[in-house]
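The chains carry the letters A, B, C and D, assigned in the order they are written, with residues numbered from 1 in each.
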Amino acid sequence: MSDFAIELKGIDKRFGAVHANKNINLQVAKGTIHGIIGENGAGKSTLMSILYGFYQADSGEIFISGQKANIKDSKAAISAGIGMVHQHFMLVENFSVLENIMLGAEESAILTKGITKARAELKRLEEQYEMEVDPDAIIEELPVGVQQRVEILKAIYRKADILILDEPTGVLTPAEADHLFRILAQLKEQGKTVILITHKLREIMAITDEVSVMRRGEMVATRKTSETSVEELAELMVGRRVLLHVEKGEAKPGEVKLSVRNLTVRDSRGVTMVDNVSFDVRAGEIVGIAGVAGNGQSELLEAIAGMRSATSGTVTLSGQPVDVTGPGDPADMRRRGLAHVPEDRHHTGLVLKFEEAENAMLGYHGDRKFGQSFLLDVEAVRKDAMEKIEQYDIRPPNPRLKTANFSGGNQQKIVLAREMERNPEVLIIGQPTRGVDVGAIEFIHKRIIEMRDQGKAILLVSVELDEIRSLADRIIVMFAGRIAGERNPDASEGELGLLMAGVEQKLEAAE
Amino acid sequence: MDTNTIVVLLQSTIRVSVPLILTALAGLYAERSGVVDIGLEGKMLAAAFAGAATAAVTGSAITGIGAAMLVSVAFSLVHGYASISQRGDQIVSGTAINFIAAGATVILGQAWFAQGGRTPALSADARLSTYKLPGADAVRDVPVLGPIYSDLLSGHYLLTYFAFAMVPITWWVLYRTRFGLRLRAVGENPGAVDTAGISVVRMRYLAVICGGMLCGLAGAYLSMALANGFVKNMSAGRGFIALAALVFANWKPKNILITCLLFGFLDALSIYSQNADLPIMSSIPDQAIQALPYVLTVILLAGFIGKASPPKASGVPYVKER
Amino acid sequence: MSTPFAKLPGWVEYALIPLVNLAVAFLVAGIVVVFVGENPLEAARIMVTGAFGSGEGIGFTLYYATYFILTGLSVAVAFHAGLFNIGAEGQAYVGGIGVAAACLTFDHTMPWYLVFVLASLGSMLFGALWALIPAWLQAYRGSHIVITTIMFNYIASNLMLYMLLNVFKPLGQMAAQSRTFEEGGQLPKLGGLLSIFGLDIGGAPFNFSFLVALVAAFVVWVLIWRTRLGYEMRTMGFQPHAARFAGMKSKRIVIIAMLISGALAGLMALNPIMGDQYRIQQDFVTGAGFVGIAVALMGRSHPLGIVLAAILFGMLYQGGAELSFDMPEITRDMIVVIQGLVILFAGALEHMFRPAITAFFARAGKSRSEAAAGV
Amino acid sequence: ADAKPAIIYDLGGKFDKSFNEAAFHGAEKFTKETGTKFREFEISNEAQREQALRKFAKDGDNPIVTAGFMWTEAMTKVAAEFPKTNFVVIDTVVKAPNVKSILFKEQEGSYLAGVMAAMAAKSGTVGFVGGMDIPLIHRFACGYAGGVKSVKADAKVLQAYTGSDPSAWNDPVKGGEITKSQISQGADVVYHAAGGTGVGVLQAAADAGKLGIGVDSNQNGLQPGKVLTSMMKRVDVAVYDSFKAGKDGTFKPGIDVLGLKEKGVDVAMDDNNKKLVTPEMEAAVKKARADIESGKVQVHDYMSDEKCPY
């Protein structure tokens, strides 16, 4: 028997012209947590997907527990004891939790028997790992954090000995992430092997035994976690030193630019998502909204941006009242000087099939500079896009390239460039750096601070507590649609975490 | 309208809704797996031809049904190959099948039987026969329930009973079996199915084959039960109506039954009212009466059902590596 | 490994691959031709010369192409906005009312070019109207447009039969059609255009509406890629949520896109009614609305592609007719089969040969670069 | 002379179970008897009418026969372009020195069918199934109604049409449903003028133990013993005669109106329906025929005023 749960030898994979994995060798010791880090597009997901049988390597060998394995599809991987939680969840959204868990592991041709068994087994697993989920809940109605739990349960349910998690904490709150890490530790105790892909070096330091670094399709190094440092890893990842702290001066808040009063938003099912929320954002300050994903932040941003109608409440923009209870008009909000960086660039902020230049004017396509009549001046559009590309160092610098062909970080820069360069009075930003690599994060953070210093009012929503703490001048914590509290950025992580978990609120209510 | 009229209308409703039910269910299997099928019309037509041609030659209804299903499945496999294996456009593939079936049935029919694309009239053995429910004659005179049992429920083709039985069976397959679970999943998120260790391609092929078989039965029913032989283009748009019924039913088996019966009833009603010289009806142009089912469908679409929510992945080829 | 992501030279992508696909379609059709006992090569020759070998042939080919350009554009415009308009057939049919009304009213008092303007506007108006209800239902009631447009096709055929019998048909006439228009209701033939190339149009009904179709193609190109409206339509088509984000009024766009789509389909009525028959007849659309779907898809919803695909289908219609003149065994049903095969191989199975062709070019590219390195 | 006869079918196609098919049979018979081959073409859209006529005329085919009332304009135009070619047009009138027009009095044959239907129908109700709701088909329906009412003034004639698009001529299933519906409303005999749809009409009538009446050609054999008669419209004879005249050089332009007297229309009597035709029925038909031929009874032509007085 080998000491290695997994050994990859000479894995090579091309996607057409893209060489995603170049002759990769990797050894993962049994019963350890092995981290994999790398910039966007380094090939981490591809490598793991090959291990999981989702993609086929062009060449190379896979050994599992010392045995050469022929993993021709995910079925083979599952029976070899591998489970994977994908970066983009592989769940059937209109299925119940139970159905998702059972899919592919149904036991028999008729479901009835399997359902009873799965329900019992699920309950056992939930108790063992303290992962509560309602087995009959429909996936699309669950917050992402819970969806991820389902993914993990799915893998464990299939008796995975080796669990791969691809950027699992991107969608989690610190508390949820902690919980996840406790589960991982527990799995490790049971002798299972975990491979963890993440962009967050602190997580690597906190939980892994070993860490491998990928860069541009190559495996550049593997280190024992105890023998390396955040700085070394960061350098290995990008090949240069990066700033992990945002330099910023004192905020000089001016007049109130955005004022929200008693805002209440219900979703299509009638569930109250934002509950009587009031706050102000002043010129020259960044107000951060922290909170576990799904506590109403998204709905709050959308209501302010005019994309969703509020049930009641008022919003005042630069002193002018806005009708937020009507059908909503994002175009009108833009005209009034509000810019919006939406949380989800793939579905909302960008049209992936458009050329870059076309996305660079999305929402502002009515501007006179893009054409005087109903006709668009394509030259002007491209020229404008090119200017933004240069300012934001968007790569590759080609305004005619399909947006889908830019990496996630560059796509995000396209959105930011568009919204920031309009020089808005008020900027609302959702998840500015989700899934973006370290280099790009640094750039984006700098730009946000610059905007503040130019006297813009900025409302920032992020599930990254670190990000909020380093950028915001004031932090509002949301829980269950309400404002759970407001703190200064120097509040401790623990204190904010309690607020995000709704603990404070319960205490207050008890008083 | 007296009971008799109502029974007559409902009988007609049952007869004409059978091919719609079978075809809409065929579409259900395919679309629930993520494969849009606008080739239903062509498959039904090809099956009607194959069934009648085989039955005419062999004199056996069972062989005819077998041939109808075989041909329809063959077309399904072409559609599957184009849209599953080759990831082609599913609408285009379906359109192609409709064209090919419309042309090929006539050419082959002419080549084999030299009756202008028609098949010879089927003998009694080669046709599907009707089946009387036990005791149908005995209870006919019982008021109300008697006619309902012996005239409405009894005396249909076995295929009719089968079509109606297929609705709960399909429901059961879809929601109570492993195959159904996977089928629904693959139409919603093929990635989830793939990573669960199930072959997306295999599931989709199975689904289109199921659809092909049902469509084959629908075709056989047209040419071997309702008519006694094949006439060119005899499907006469029923595949499209079935498709409408499928959407109208929001891809749900129970709704398909209701929708197809409704469409069938409107059809029966329009026929009935043309004949019956009802005082108001006679002043309405025939064309308005003919258009009634379609108009009503539109009105229903407008008023009662909200957004149709098709399977999320339907129409989208599963591509892992672009 | 799949390689379609690799870049191929433009001429391979846009010329070679479609041609290979077409060739295979004809190859399979050839097998069917052998099956009925004719020589496929001879059949192919007759077909191509029938369609392009004479002025008259070209005239007919382009006459049919006119139908398909307009219905193809109609389908494509809706498609860009994310709408599948299966109703071009019915919209074109109802569009005929506009043409007929203009011609019947003014044909003896106005010259053709004035009547033409009214007829065009009329056809677009009626086509658009017929698209309006499904559009409105989609936008405001969420009714699935594929289904409503299918229904509207059936309703249109009933409506039109009623109109033909009770409004347009002169008393005592057998056929369900209007009277023949006077000179003012007749578009000029484009024989002159072909005679520039020394071709004689003969009796082909190739007429002014072909130019209308070409202009429409250009206008659609401008609309889709050079106007704000087109930009908004494409945003809607690709990502409705992004359109909402960008402040676009989706209901308005659905309605406008469908109105334009219906208007283009309606405009098609010019070709048979004012360009050829000089009267409105039953079922003059003859399936062009459905062929338009195939044309739009084959033409990648791009006007240029649509024009080319429409000419291809025009060739099938005209060449096919010539074929059945000369080879009686090859009936019009055979032509339907051949069309089906073309749609299948050039449309649905378009990717079938791509990997092989890509691999070929990859290998060729490599050996060339190796050869270069060797030097 | 070397006759090169040609025939062009209408949109319904050569095998439409109606006049096109009858025309084809006439041409076939001609070839069988004379050994002279003929050319043929099925148009698939309006633009092909002129195209086909011109093509055949240019190729020297003579005479050229077309079937269907839609040929008027194309024939008028092309006949003028080819004055040396002889044309025959069936079911419509084109006045030109080289065109012969052949019309049928479908109402007269239908009248006889109506007489028989009324006598066979014990219930006093009969049915009529038309393909598309167009004037020509009403001519059949109206003559039929006239015949029925002449026997039983209070008889009920149910009328229905299949549809409005071309599939109306090829929908035996719907034909069958209409027939069943009429039978359920009391019809004992159902007459169809619906092309391929009629196959379903005759079958549904037979299945229900009732009687059908065929149209255009002799359809008595489709459901032997269950088809009361067929209203024959001798398009086949017209085509045969035209081809023959072309071959013999006896072509004469002008208008032929073929009614009962000219044997252009008739009701079919053969072994298949022998048992169904009672002596009284036979006598009634004979009398009606005599009355019509003598002009004593004028069967109303729906096309004359688009009204049916019966």
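General observations
Quick note on the criterion: a residue touches a chain if its C-beta (ideal position, glycine included) is under 8 Å from a C-beta of that chain, and two chains touch if they have at least 3 such contacts.
In this text the structure is predicted, and so the values were computed from the model without any measurement.
Counting only chains that touch, the fewest steps needed to get from subunit B to subunit D is 1.
Most remote from subunit C, judged by the distance between CA-atom centroids, is A. A straight line joining the Cα centres of subunit A and subunit B is 46 Å long.
Measuring from the averaged C-alpha position of subunit A to that of subunit D gives a distance of 75 Å. Inter-chain centre distance (subunit C to subunit D, centres taken as mean C-alpha positions): 36 Å. Multi-chain contact residues of subunit C, defined as those touching 2 or more other chains: 1-2, 4-5, 154, 158, 161, 331, 335. The residues of subunit D that reach two or more other chains are 13-14, 133, 164-165, listed in rising order. Counting partner chains per residue, subunit B has residues 106, 110, 117, 237, 287, 290-291, 321-322 touching two or more of them.
Taken pair by pair, the chains that touch are A-B, A-C, B-C, B-D, C-D. Touching subunit A in their complex are the following residues of subunit B: 176-182, 184-185, 188-189, 191-199, 312, 320-322.
Those residues of subunit C that touch subunit B in the complex are listed here as 1-2, 4-5, 32, 36, 84, 133, 137, 141-144, 146-148, 150-152, 154-155, 158-159, 161-162, 166, 290, 293-294, 297-298, 331, 333-341, 343-344, 347-352. Within the complex formed with subunit C, the residues of subunit A that make contact are 14-18, 56, 58, 305-307, 329-334, 340, 342, 347-354, 358, 362-363, 365-366, 370-371, 374-376, 378. Looking at the complex, you find that subunit D touches subunit C at residues 11, 13-14, 39-42, 44-48, 50-52, 54-55, 69-70, 72-73, 91-92, 132-136, 164-166, 303-306. Residues 15-16, 52-55, 73-79, 84, 86, 88, 90-95, 99-100, 102-106, 108-112, 114, 154 of subunit A are the ones that touch subunit B when the two sit in their complex.
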